[in-house]
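So that you can tell them apart, the chains are marked A, B, C and D in the order they are listed, and the count of residues begins at 1 in each.
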Amino acid sequence: MTKVEAVIDELVTANRILAREGIVDSFGHPSIRHPERPDRFFISRARAPDLIEAADIMETNLDGSPADKGDNRKPYLERFIHGAIFEARPEVNAVVHNHSPSVLPFGVTKKKLKPLHHMCGCIGHELPTWDSQTKFGDTSLLVSSMDMGRDLARLLGKRPAALMRGHGCVVAAKDIREAVYIAYYLELGAKLQMQAMQIGGDDVTYLSRGEVDTIIERTGPYSFNRAWENWCRRAGRKMLERPEELVELKG
Amino acid sequence: MTKVEAVIDELVTANRILAREGIVDSFGHPSIRHPERPDRFFISRARAPDLIEAADIMETNLDGSPADKGDNRKPYLERFIHGAIFEARPEVNAVVHNHSPSVLPFGVTKKKLKPLHHMCGCIGHELPTWDSQTKFGDTSLLVSSMDMGRDLARLLGKRPAALMRGHGCVVAAKDIREAVYIAYYLELGAKLQMQAMQIGGDDVTYLSRGEVDTIIERTGPYSFNRAWENWCRRAGRKMLERPEELVELKG
Amino acid sequence: MTKVEAVIDELVTANRILAREGIVDSFGHPSIRHPERPDRFFISRARAPDLIEAADIMETNLDGSPADKGDNRKPYLERFIHGAIFEARPEVNAVVHNHSPSVLPFGVTKKKLKPLHHMCGCIGHELPTWDSQTKFGDTSLLVSSMDMGRDLARLLGKRPAALMRGHGCVVAAKDIREAVYIAYYLELGAKLQMQAMQIGGDDVTYLSRGEVDTIIERTGPYSFNRAWENWCRRAGRKMLERPEELVELKG
Amino acid sequence: MTKVEAVIDELVTANRILAREGIVDSFGHPSIRHPERPDRFFISRARAPDLIEAADIMETNLDGSPADKGDNRKPYLERFIHGAIFEARPEVNAVVHNHSPSVLPFGVTKKKLKPLHHMCGCIGHELPTWDSQTKFGDTSLLVSSMDMGRDLARLLGKRPAALMRGHGCVVAAKDIREAVYIAYYLELGAKLQMQAMQIGGDDVTYLSRGEVDTIIERTGPYSFNRAWENWCRRAGRKMLERPEELVELKG
């Protein structure tokens, strides 16, 4: 298995896991940067995540055009989310965009999504919200150009995740396993926060800044791989033993 | 496969999808207008949606009587919902009636169901609520006559969807795939709105009028078919490649 | 198949359906009155509902003692719930006792459980709450004697269902299919009411008295059997064609 | 099957049940004290609970070091939770540590988790909350030393369960079946309490002290085994007939 084949296999697995765990339904998409050509990334053609096979994966330039000009399969309209983040952040090798249900409410209210559970420290201190309305006015809310993608990437900054008003969220990480892990615990964290606010109102104890920093510092392959192994089984996917040269994980 | 056979196959699939995705339980029903006889529609005999086979589908006149007078299978009592909407709206080719759980609360409170998520823009700007009590007094709430059906159709007007107080909702669309899509995202949108109101009270940002208009304008087979392919697999149904003459989709 | 064999088969099916639909977990139990000996009823030995086979069913006197004195299988401690209701209400042929999760909150708050959805009209106008503490003081809350069972039966009166504080609920009906149907829509109705109160506070429109009366009047085998057929398939049980002499359904 | 083999088999089953019932996801872990060497306990190597096989179980000293010094499999970082509780409480033979979702909100608000449902009396009168911040400051919240484990064990005292702020909970019992039972009904009880508070605010009737005492007194193998048999089937595990010498259950 070549490095590129391994990346494509991981990307198929990521799609199936995100579907199986309820992070995506028929919409939403993960991507992985090309391991040898940092100006390209892999992402599926426009298709529901749980149906994706290796043959659906497209090699794409950062500007969203197909790497192979003859490739006329229908891409995701929102591939610009991925391209713009890969362009802005060289250390990022995987992106997930999704609309998981507990995350949405935090993008349309003034309540800030913050981690209160140690498993969710990976989402960062507090999620900012990108609103397409601010610069682009009345749209379908879809990130349909590099211009919009870059605006979103600027708001995201160096953070692991950001909300998108009336739309969902985006996660950026060094590795696809970490990105899926963050997307999963972002959904759980949002659900827990809604429950905590329901019984505690504004009197909820969130993780301290120092706790979040410590958690991010210490969370690495030990955690990502334990979850990945579990999710692979649930999604009916073989877990790939990762060749060292492919891995770019902390810890 | 004839055009009518294709329509019946789509209708069976719609029933199974609605059941699999939790939009209907043992009750609720989709219908499709006859592709060659606009004064008729197809709908199952009275049976739970997840059990329906092609042999259960009945051809029905708009007034709710069976097209074949000798057909004495037991029809749904509420077939008048479908007939009255097909009668009032020539551009509508598919109707779904259901009681999905998140939708119910909006029919019995003063809170208006409005889209806050771009996937739910398809439900329209705001759903009106039909109350059988207003004109018909104390009933079982079932739409058991053309008189009741027409009253509901008037309230629905040109909209894609309306609520029914203490009962559920109705969706009307140009195509069964669109109708199922709207019914699915209506349930999701209601759930998201309840969650957003729980943490934000009345301070929730809904989609703007212009955003809803743009979303409705731009949502077409690209989206409906992506979801349909996913739902077919989940429901264990083969997705029908749609002959052009059958399709009546926007975009 | 004899009448008794048919009743036992129905009771096994009821157990499996209640488990599959989340109305019971490892605890809770349905029963059916003996079709030929109204002073006896059938109920499983103490076992989780989803595991029950015909061989687990015990024939029991109304006072909770085994009909066969040599039958020393372990019965449910709470069989007195069933015996006392069958004793008090000759028209009742089936009882369900369960702790489904949405029902519990209404037994421990001052909020009254009332139907707001037409499918839930079958639960009656408003559920009373039996509190074991009132007469029996600090107990394990289990109905462990005929004395407790009769006290509960008195509170239930002629109603289809009652809540039990800190414990669950009880449903009584003419027929097991109706009893399971009421237990299912009682759970759904409680969930819907919690959701409606969450967004509407006390400003929720419930069904009117006349609507509830009409719904109860008109709900019969047409509805019970449609749901039963669906639930049988989901629970992996063959639906029994019901010999007329066995049926005691309205409508 | 030796006593030790039986214990290991029970521990594998406990892991699978906790995963199947949603009490753990990829993280969380049960343990059982060694039946012949009270200074040791069994716990899996670091792996997601639903994947665990007998070969994954490690024999561990109370201080968290492997009983076999040559055993260099990766243990759970938080094995100190188990060791410290076994050290402090000779009557405890099983511990469960988990982060089930309804439990979390009670650890980060001032609302006290208390039983309102008779099935949940087993969790005790009221759960105290351990906060790692108090003594250990900004950490990853993980119990990563005997020092932290002992601090948690002190807070737990003689109780069956305690919350951990921003982290989850811990359960201690005489037997693994009882520990799993408590962990399951702790999650359910927390969910029910959130629902009850949603509709009733602070006006919720909890079980009285006498009721909780009676329930704990009377809950024994009759209940634990009924649930265990059900959960074994759901998790695809064979239920072990328990040799008398292995059992240490009340009642």
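Convention: a contact is a pair of C-beta atoms (placed from the backbone, for glycine too) under 8 Å apart; a residue touches a chain by one contact, two chains touch by 3 or more.
Values in this document were obtained by computation on a predicted structure and should not be read as measured data.
Asks: Counting hops between chains that touch, how far apart are chain B and chain C?
Replies: 1
Asks: Of all chains present, which has the mean Cα position farthest from that of chain C?
Replies: A
Asks: Upon optimal superposition of chain C on chain D over Cα atoms, what rotation angle is obtained, reported to the nearest 5 degrees?
Replies: To bring chain C onto chain D, one rotates by 90 degrees.
Asks: How big is the gap, in whole Å, between where the Cα atoms of chain A centre and where those of chain D centre?
Replies: Chain A and chain D have C-alpha centres separated by 33 Å.
Asks: At what distance in angstrom does the C-alpha mean of chain C lie from that of chain A?
Replies: Here chain A and chain C have centroids separated by 46 Å.
Asks: Can you list the chain D residues in contact with two or more other chains?
Replies: Where chain D meets two or more other chains at a single residue, that happens at 198.
Asks: Can you list every touching chain pair?
Replies: Here the touching chain pairs work out to A-B, A-D, B-C, C-D.
Asks: What does chain D use to touch chain C in their complex?
Replies: These residues of chain D touch chain C: 116-119, 121, 188, 191-192, 195-196, 198-200, 203-211, 213-215, 218-219, 222-223, 226-227, 229-231, 233-234.
Asks: Can you list the chain A residues touching chain B in their complex?
Replies: So the residues of chain A in touch with chain B come to 25-27, 46-48, 50-51, 74, 99, 101-102, 104-106, 108-111, 133, 137-142, 165-167, 194, 197-198.
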